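As structure tokens, here come the structures.
Same chain, two partners: chain A is paired with chain B first, then with chain C.
== the complex of A and B ==
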């Protein structure tokens, strides 16, 4: 990706688009940033060797352009209404805005494009879609003040993310549904405070980076590939797949920390109903994460004779080991830096 | 306590050196002897460092975990012999032990929860990684999801308590009392599943049947006690609610204990039989604990320790037969007296411990539990008498079916008991029968 100079340009543009959105003090400016971000992400997706990416970029363009248009419409409506395009109290207009932003971020009632799109992307693009592309819409959502609609979206997102992933065998779709589930958590963290959302988002980004990094290097796209992969060192494979448990938010791993913070804050706000749904749906996501990990955690199983050796260069391996270490023992290490927070 | 933590932490690199299996095993033993010297017979938290500490309740259970974990390594010699990922196995057990020590020694409720949940993961790895059959996947899923389904609500309950009390310290927590039923169910259900109470016990026999011997030992020896330990810690907070609802759990576990004993009588699988018998025993522990009488709280602690040693020993014996005959079925494991007469002695001794015969710690525990339950309501005498009768019956069934009678004619040849195995049995049995000499340590924790 980085050998192609046009991609560097577009990545820069994409980052600038997000920054414009996040820093702008008017809705029109935010909309502009979103458009820049959209238009520079599309060329990033295209890949000459893969016809699916064209389809994916078309889908992405259609959904995002629709969302942007409606957002622009709502912004203009707001401006006509009270001449100040910063403050929102009108619930109808903000409802339109919220739904466009939910569509942009891929949250539940508007999530249908998301897994299909992921199927056509390379892992690095998928990573960008799962993490970076969520920053701008989520920041804008935090400006809106519509708790009920947001809560419906939270509940639907976590449930869709959990149920949808049960039946998948494609790793990209699994990651997409897991991303929808985590998006539900992030939206619910947004209802409490932005800093909690930021913590959750950072940890989620780190964990999904670790996983997509592995998938990208070894070109893993389907569940059945995992059974014949990396058989030369089972212990390493075992360790690598513990990242999934970390992403699932099981206690001794780093992924528990953001969940812990969100659960604690939601309890303090007496949001028990929402919290129960979040927790139970996370259990279901944990189930399909665990399904991915079977090949690693069952140390002995009947293996293919033609299992291939997987190669990884030293630098990547070291980087990867360090990240895995952080993701597994991070929770204990965090306590050493506790006083910095 | 920090010295134990660091000991275990620095033990983990040794796991990766080849041929260090016995070194790790001996070091774990060494550690439990060090820990023996750390007893100062006080009912307050002592040995406090970095929010860790132990009173008598946690002392006994930490000692039990250290002991059982080193015996686990002694029992699963086959992992070392066939090099079945023995490095990873050692590391897994050391980490499991570390998490267990932290669970029992943490002085805050939240830290307890954190390590309580964490200790599930290495157990899951043990079952999935070193189990025998493809069904171990199902067993692992059962184990994980039964426990997580109820423990996540408990997490909410813990944060609620934290919000209301402003502290998570066990010692300070005793000043509070909560009269709120949702909270009660949230807090209790996690421990009830972990115990396991009858009706939510289904994960346990599955996990035992699929687990390797080390997994069964840790499950029966320690994991079940986590539930009882947690309940002993939080029951003081919720005693008013417990007066209201305690009868539900007590009745379920007493009736369930009888039913499970009947299930035991029709088992053909050695491990499943022992697993169900531990469900029955934990049922008495649960019933006695929830009466909240002094007898009951003390007796439940005592029986937990006794049961940890005794059932872990029985699983070891089952494994000794399994390694020779290649089967756990009682139709094949019969007449073992003909082949291994010395091992039959251990079968006898541990079976008699399982039915609470006189010099064992089980007897002490069961007597005090019976006292507490009968004093709670005389009606429970019916179930208790059936329970004690049937628990003697299925233990006799286990013993006489596996040891007496003709040998299975299809067996070819195998070695007799090894010194390692006799040592293993001795180390299970000896504390079980000696601890009653110093019974204030394993009874009067309150």
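== the complex of A and C ==
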């Protein structure tokens, strides 16, 4: 992917598109950034040798294009009624805009395209879809001052993310549902303050990067591969599943930190109902992560006879080790830094 | 390559320490000297927890006896346990046991005595379950849990001792004798001692503990562990005098003595007979102690330790030769096949019965005569003398079954009397159980007891013993057409032969209803309602939801996009018309 010069161009364009969106001071500029971002991400997704990725890119294009169209429609409507730069007071217009942005980011009532799409992507594309592609819509959502619809979306996102992952055997779909669940948390962080959202987003990106990095190296796409690929290296397996738990937000690991911050801020804002649903759904996600981890954490487990050797080069291994160390001991390290400075 | 055996090393060490203790004890006795060593471990809120060692002639003498018996037992184990893979573990456990016993003997402090006391409980549990099978596991559980009651009582006594600001009980016993708190402490200590010495409500563990290897029975369940309770009460004897505690203890220990003596007459397991006889002798010690004669109790404790350990070692040798069969009905004629062992067996049996000038005679005869000149009621008097008769009765029955007649085991059976290591171990104790009584008598009682009795009372002991012996012979006499006397009174026999149903009461009786309740709770709550409404139901529901969700996911993309457009149209309608 990185050897292809056109792909480098598209990646740069994609980044620029997002930057245009988050820095623009008018809705039209934001829309333009979104379009640039969309149009440059599609060639990244499609692969001539893989018709599933072509299908995925087409689905992505259709969904995002529809969302962008409606967004443009709403923006023009807004401009007709007011000035382009004015504060948004019209709740229905902003509801339309919020709906489009939720569709773009893949939040719950409009998330149906997201897991299907993920199924056709490579892991690097999936990572980009889960993390980078969320920045622009979420940033735009933060401009909209509309709590009720957002809260409905939050609740639905966490529930769908939790329940959708339960019966899942495809790792990409699992990560997709996990992403939806985390998106719920991020949206609820967004209702409190942008900096909390940013912290959550950064930690989420880091944790999902560690996982997808390993999945990408070992070309893991289904759960049963997890049990067979790592037989030669039990510690690798063990740490990988620790990363899973970290992503799920189990307390001693780093993944708990952003959740902790959100939990604290939500209690300060008296959002107990929302918080309770968030926590319950996270328990369900933790349940299925733990269920996956059984084979790694238990003393006795069944092993396949057809296990294959897995290869990982030295640089990747070092990178993985450092990231895993941060992911597992990050919470303690942060406390240490707190005492240090 | 022959290594130096752990048994030999331990034997040499222990016998050396034993001799040292014995000489020291003589010195202390001669000079009437007591050493009191105290080490403060921690001081908390003006309470100091101290490790205290009390060396007087009593503790040193007891220590020397325990060490001597344990050294001989370890020597004996070298052959008895020679084919055992884990003999090192076994010897180490025995040594740990001896260490705990030492700590118990020399501690006059409630907290430091607990160290030895709990050590005894733990190690005796490990020794009882040494042969790892279900039977010994059950026996070990019964032993450990019965003793746990005593541990708890001791802990409670420690809590009550907080009132006095220190746990060195020997300083308070005399001063606080009439205090209510001291009475509570005394009763708790008595409870502890009764569990350790297997007095009546807690008797069932002692015969059960015979699942342990025979050397352990010789050391632990006859001479040392079970006498720990007696020794504790000897230290607390002031509290028993002139109080209801002493009276209660007299009744219970008298009944224990009677019950065990009677039960031994119905038993066919060689080790269990000896265990019941131990129980009976413990009752004797306890009862004379509860009447205030603590020196006599100590005296009997020591002599009993000698001949009872010997008796167990002989039984072990016999069992070893009978290929681990303990049933006395299969034995017989052993005096011909194993003469030396049989000699030791008979000497210790006679010492147990109180044959004049053997070890048991001096202590037992003195106890009985002291009882006669003391002021006891008719019931206790009856218990004392009837139990003495029963002792002789079951001893003669045992001799009849094992020593006389023909061997009743399989027709091809190799018996020999050439286990020289075992025999050498037994010889040491044989000498001690012949001369031990008189030696101790002269040492412990420099001034003889003044006992003045009419002739017929003086002869009462002798009469009781002889008639007991005759009874023992007559009731076990068997011919081809002998009517089985036990089966004629089956209910009575099963009552008396099973220790008055005490093993059932202290196992099933206690656990039956809680266990049933536990089963019901576990079935209907843990695995029933709370499982259904808790984990399983939640899991099933979530799985159903998940499946429903996937039904929704399996649609065409255009449906989702159309739904989105409809949603936008609805919003737009509101925008237009509101």
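By definition in this document, the second predicted complex is superposed on the first by the 334 of 341 C-alpha atoms of A that agree within 3 Å, B and C clash if a C-alpha of one lies under 4 Å from a C-alpha of the other, contacts with A are read in each partner's own complex, and residues count from 1 in each chain.
Everything that follows uses one rule, which is that contacts are C-beta pairs under 8 Å (C-beta built on N, C-alpha and C of every residue); 3 or more make two chains touch, one makes a residue touch a chain.
Note that the coordinates shown come from a computational prediction; the quantities given were computed from them, not determined experimentally.
Trainee: Evaluate whether chain B and chain C can sit on chain A together after superposition, giving fit or clash.
Mentor: These partners clash in the superposed model.
Trainee: Going by the contact rule set out at the top, does A:28 touch chain B (first), chain C (second), both, or neither?
Mentor: In the superposition, A:28 touches no partner, neither chain B nor chain C.
Trainee: By the touch definition at the top of the document, which applies to A:13: first (chain B), second (chain C), both, or neither?
Mentor: Once the two structures are laid over each other on A, A:13 reaches no partner at all.
Trainee: After lining up the shared chain so the two structures overlap, which partner does A:334 touch, if you call chain B first and chain C second: first, second, both or neither?
Mentor: Touch status of A:334: no partner.
Trainee: Applying the document's definition of touch, where does A:167 land relative to chain B and chain C: first, second, both, or neither?
Mentor: second
Trainee: Using the superposition on chain A described above, determine whether A:236 touches chain B (first), chain C (second), both, or neither.
Mentor: Neither partner.
Trainee: Run through 56-64, 146-154 or 164-172 for chain C and report the one that clashes with chain B in the overlay.
Mentor: The superposed arrangement places chain C into chain B at 146-154.
Trainee: Under the stated contact criterion, what part of chain B meets chain A in this complex?
Mentor: 84-85, 87-88, 99, 114-115, 117-118, 121, 124-125, 128-130, 134, 136-137, 140-141, 144-145, 148-149, 152-153, 155-156, 159-160, 162-163
Trainee: Which chain A residues qualify as touching chain C in the complex?
Mentor: 59, 62-63, 66-67, 70, 77, 90, 92-93, 95-96, 99-100, 103, 110, 112-113, 115-116, 160, 163-164, 166-167, 284
Trainee: Once bound in the complex, which stretches of chain C touch chain A?
Mentor: 542-543, 545-547, 549-550, 552-553, 555, 557, 560-561, 564-565, 567-568, 571-572, 574-575, 578
Trainee: What residues of chain A sit close enough to touch chain B in their complex?
Mentor: 234-235, 238, 245, 250-252, 256, 263-264, 267-268, 272, 275-276, 279-280, 282-283, 286-287, 290, 294, 297-301
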